[in-house]
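Each structure below appears as structure tokens.
Below are two complexes that have subunit A in common, paired first with subunit B and then with subunit C.
This part shows the complex of A and B:
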């Protein structure tokens, strides 16, 4: 059931209606039933996977919690123990907790790896041994990367003692399977989501209408813009004959498509939660206004970035072998190089994992590492930038900031071509052709009307782009657009919603004549 | 304050519904020229008099029988509920739909559509179903007819299907935004031009000549419904020879008719008796009759109806006479227009699939 399917719109309307009709204490069970219904509709087989993940997480989080309680009770009852004895006891408990955590992580990462990466491994082994190995018919459960990461974050937090284990299996099941975020995130933290997910909510006009407006805005971006420009992107990237300036067009179109697709989906997700009074974490903060790549990654897919930072980067940075390596490096390679070693290594692992997380293919691995390289280089060039800024007083000036923003967009878009073409050598060849075979004539001779987009399509896209840019600028300069509209007469607020609805229905690229497109991030 | 917000929300919702409705009316195809078949089904609801004979079926009824001739020659009030490639279940549900408004004495069903056992084509589905008024018959018709790519909700809200026509709107869409002209004459699609039949390709042998279960089931339901309502059902195969009507199919229909006690007449071998000259009486090389041929066919078939069924001559009934006079006038007007165009241009320019939409 895609977000853009009629079935989902009907399903959502029923869930929202039901949510406010049932007594408060039945709201979260209703959401659990709806979430499992949503997952069942996608495929009954998927339920098995999510149930295993939920059950294993519930059992292990329960054990971890029990061990923590056992430790506290033991230490409280045995105050006479020496410091050394307490330390030994704590180490023993920690070891047991670690064993439970490890078992849970291995099981769930194992499921994720087997379902998502088996064929990737088979393909590569087959390539190495000269062919002959056939891919296996493997189910990849919808949104498995998202819910696995979410549950891993939860169990690690319980292990660390930062989070109390949820004793109610069904509540934990809802946290894992909450349907709006199941397919493309955001990756929520239990501590942030639980308070509003399980608490009863009474209907409030402002909360509901804010959520509804965000849902409509998400649909507008997804259906009117992303799915419309998709035809052009597909034409350009599926035929390698489109080189040079066409690649440049594909690069920009894909950047716009991906933004509208992913942020549109997240707007729908967060809007659904908001309409029910449930607060989901923001996943984007105007990423295309970033002035460098590091900033970009702090503003794009935020929950994934913070997840990797909290659960991969920091643990690796402070693990015992890494600390030993850091010490050794400082002693043998000097302070300047030594202090970088752990950061570079940890970052490398994070970006490698980010690439692999995005897809079981080499293009994603290269994409992740390309981001890593660019970030590291820009970090190393920092002193040079500082010297430049000391000499030229351009920092904070609008033209320079615009230059920085455009540079970041182009750089990120270029790296993203690995995702776009999904073939590493082809990507290099096509990106190279941008610089060697750039024919500006295609912008004037009508060639761009032959790539699956008509004049009417360009008109819709141009207006849509202007609207998205306008809304983004407003948000950047003055804050929440919805809040500003809400302070106007009610007709303006509701009129805007109506306009979004009508525009989406009339100008949306859906139904017969259009290939319905999944959200790009569904596959992750 | 809260009350005002609610009022604004309700008013906006009402206006939005109005705007979406207006957009839907604007964007749905009008079928007023060129391909007009999409207008046929809905025109029935504008009828002011009842009908003693109802034709149901595909192009082999709406292009081969002239109800005006039946009226003029025999005083028979008839109507054709047909549409392009109308499938058997679509004919069945149109019959059900018609029975909500009137009960004809005779129902004539053309059997060519029995060759189709599955939904075929979205465009034809839409032309056959969109014009029906909402009822359970329409709902069942949609469910029986949808191809895999279609969605029920797009029939409920046609705007969802036709929304992308905004960039392709023609003058006709605006001119007929809230009202359409009649394109048929009691369901008959007029073409006066002539394109002689030059022969057809040899029929391809089929792997299986058995008419499909679903198609035959709906034929049975149609037969049962007519029996239940006291209506005489007549099964016919129109006299046109292409697409090929296999002997094996013919035999199965004949067997069905015998078993169910209904008449079945295959008019293909009766072309000579009817007086059809396929060098003159067809407008598309023998696939369909032109108006001259349809009038001959109606005259011949009217005699059969008169001889075998108790059908009143309504020409003396002032209500019927007035209604049919209006139809006859429109029929003659269009006929003259078409002949004038033929004389002026050598071909039809405002009618038929080649007509250019403004």
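This part shows the complex of A and C:
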């Protein structure tokens, strides 16, 4: 049941209606039933996987909380213990907690790895031994990367003592399976989501309308823009004959498609939550206005980035062996090189993991490492940029900032071409052709009307692009568009909503036997 | 405290660390800075800051960071 299917729209309408009709204390159980119904409709087998994750996390989080409470009680009751005795006791409890955490992580990351990566491993082994190994029939549960990460974040927080364990199994089950965010995030933290997820909500016109407006905005971006430009992108990236300037066009089109697709999906998700008074974390902060790649990654898929930082980058960077390595490096390689070692190694692991998380293919591995290389190079060039900025006083000047933004978009879009082509060598060849065989003639001779997009498509896309850019600029300079519209007479707010609805229905990329394209991030 | 301020100033010489109390919230310190600070604290004070202590509240000001180091030394 895709977000863009008629079935989902009907399902959502029923859930929203039911949510405000049942008594407040029945709202979260209703959401749990709806979430499991949503998942069951996708495939009954998926339920088994999500239940294993939920049950194992519930058992282990209970044990971790009990051990934390046991430690607190023991230390409070034995105040006379020496510092060393307390330290030994803490270490003993920590060891037991670590064993529970490790078991939970191995089980759940193991399920994720086996379901998602078995065939990738088989393909590579087969390639190494000269063929003969056949892929196995493997169920990959919908949204497994997202709900596994969200749940493992929760269990690590409980282990660290930053989060109390949820004793109610069914509440934890809802946190794991909440249907709007199940398939493409955002990856919520328990502490952020739980307060509004489980509390009762009365119908409030403003909250509900704001949620609906955001849902419609998400559908507009997805159905009118992303699904429309998709035809052009597919034509260009599926046929290697489209080289040179065509690759440049594909690169820009894909950048726009992915933005509208992913942010559109997240708008729908956050909007659904908002319509029910449930606050989900933001996943984007106008990423295409970033001035460098590091800033871009702080503003794109934010919840994934912070997840990797908190649960992989920091633990690796500050573990005892890494601290010893850092000290050794400073002593033997000098301060400047030595202090980079930790950051470089940990970042490498994070970007490798980020690439693998995105998909079981070498394209994604190379994509992750390409991001790593660019970020490290820009990190090394920072002193040079500083000197340049001091020498030429361009910082803060509009033309220079526009240059920085465009440079970042082009760089990120180019790296992202690894998503598009079937393998790594072809991606290198096609991107290379942009520089060696660029024929600007295709922009004037009508060639771009032969790639599955008509003049009318281009008109809709151009207007849509202008609207998205206008809304983004307004948000950047003046804040919430919805708030600004809401402060006008009611007709303006609701008129805009109606216009969005009409535009989505009229200009959505529907065809005969319409079946909207799956959201790109659903596959992750 | 002086040693800690020296570590911080070596990363961002232009920031007034004695006064700032929103170092993480205002994105003055990023994740790369934080792991560098943790490594230097280990060198200078012999204290290992565990990952669970890497939260904005502990890194938002030099004072909070110093309190963290003292607490970890005590434990």
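Rule of thumb we're sticking to: the second predicted complex is superposed on the first by the 519 of 524 C-alpha atoms of A that agree within 3 Å, B and C clash if a C-alpha of one lies under 4 Å from a C-alpha of the other, contacts with A are read in each partner's own complex, and residues count from 1 in each chain.
The working rule: contacts are C-beta pairs under 8 Å (C-beta built on N, C-alpha and C of every residue); 3 or more make two chains touch, one makes a residue touch a chain.
Bear in mind that the values here come from a model prediction, so they are computed numbers and not experimental data.
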item: Partner chain in contact with A:327 - subunit B first, subunit C second, else both or neither; value: second
item: Touching partner for A:469 - first (subunit B), second (subunit C), both, neither; value: neither
item: Partner chain in contact with A:318 - subunit B first, subunit C second, else both or neither; value: second
item: Touching partner for A:506 - first (subunit B), second (subunit C), both, neither; value: first
item: First, second, both or neither for A:205, with subunit B first and subunit C second; value: first
item: Partner chain(s) touched by A:402 [first = subunit B, second = subunit C, both, neither]; value: neither
item: Which of subunit B and subunit C A:55 touches, first, second, both or neither; value: neither
item: Contacts of A:494 with subunit B and subunit C, given as first, second, both or neither; value: first
item: First (subunit B), second (subunit C), both or neither touched by A:69; value: neither
item: Contact footprint of subunit B on subunit A as seen in their complex; value: 6, 10, 205, 209, 454, 456, 489-491, 493-495, 497-498, 501-502, 505-514
item: Touching residues (chain side subunit B, partner subunit A) in the complex; value: 2, 4-9, 11-13, 15-16, 19-20, 23, 27, 122, 149-151, 153-154, 159-161, 163-164, 166-167
item: Interfacial residue positions of subunit C with respect to subunit A in the complex; value: 27, 30-32, 34-36, 38-40, 42-43, 48-52, 54-55, 74-75
item: Of subunit A, residues touching subunit C in the complex; value: 83, 86-87, 90, 160-162, 294, 298, 309-310, 313-315, 317-320, 323, 326-327, 330, 339, 342-343, 346-347, 379
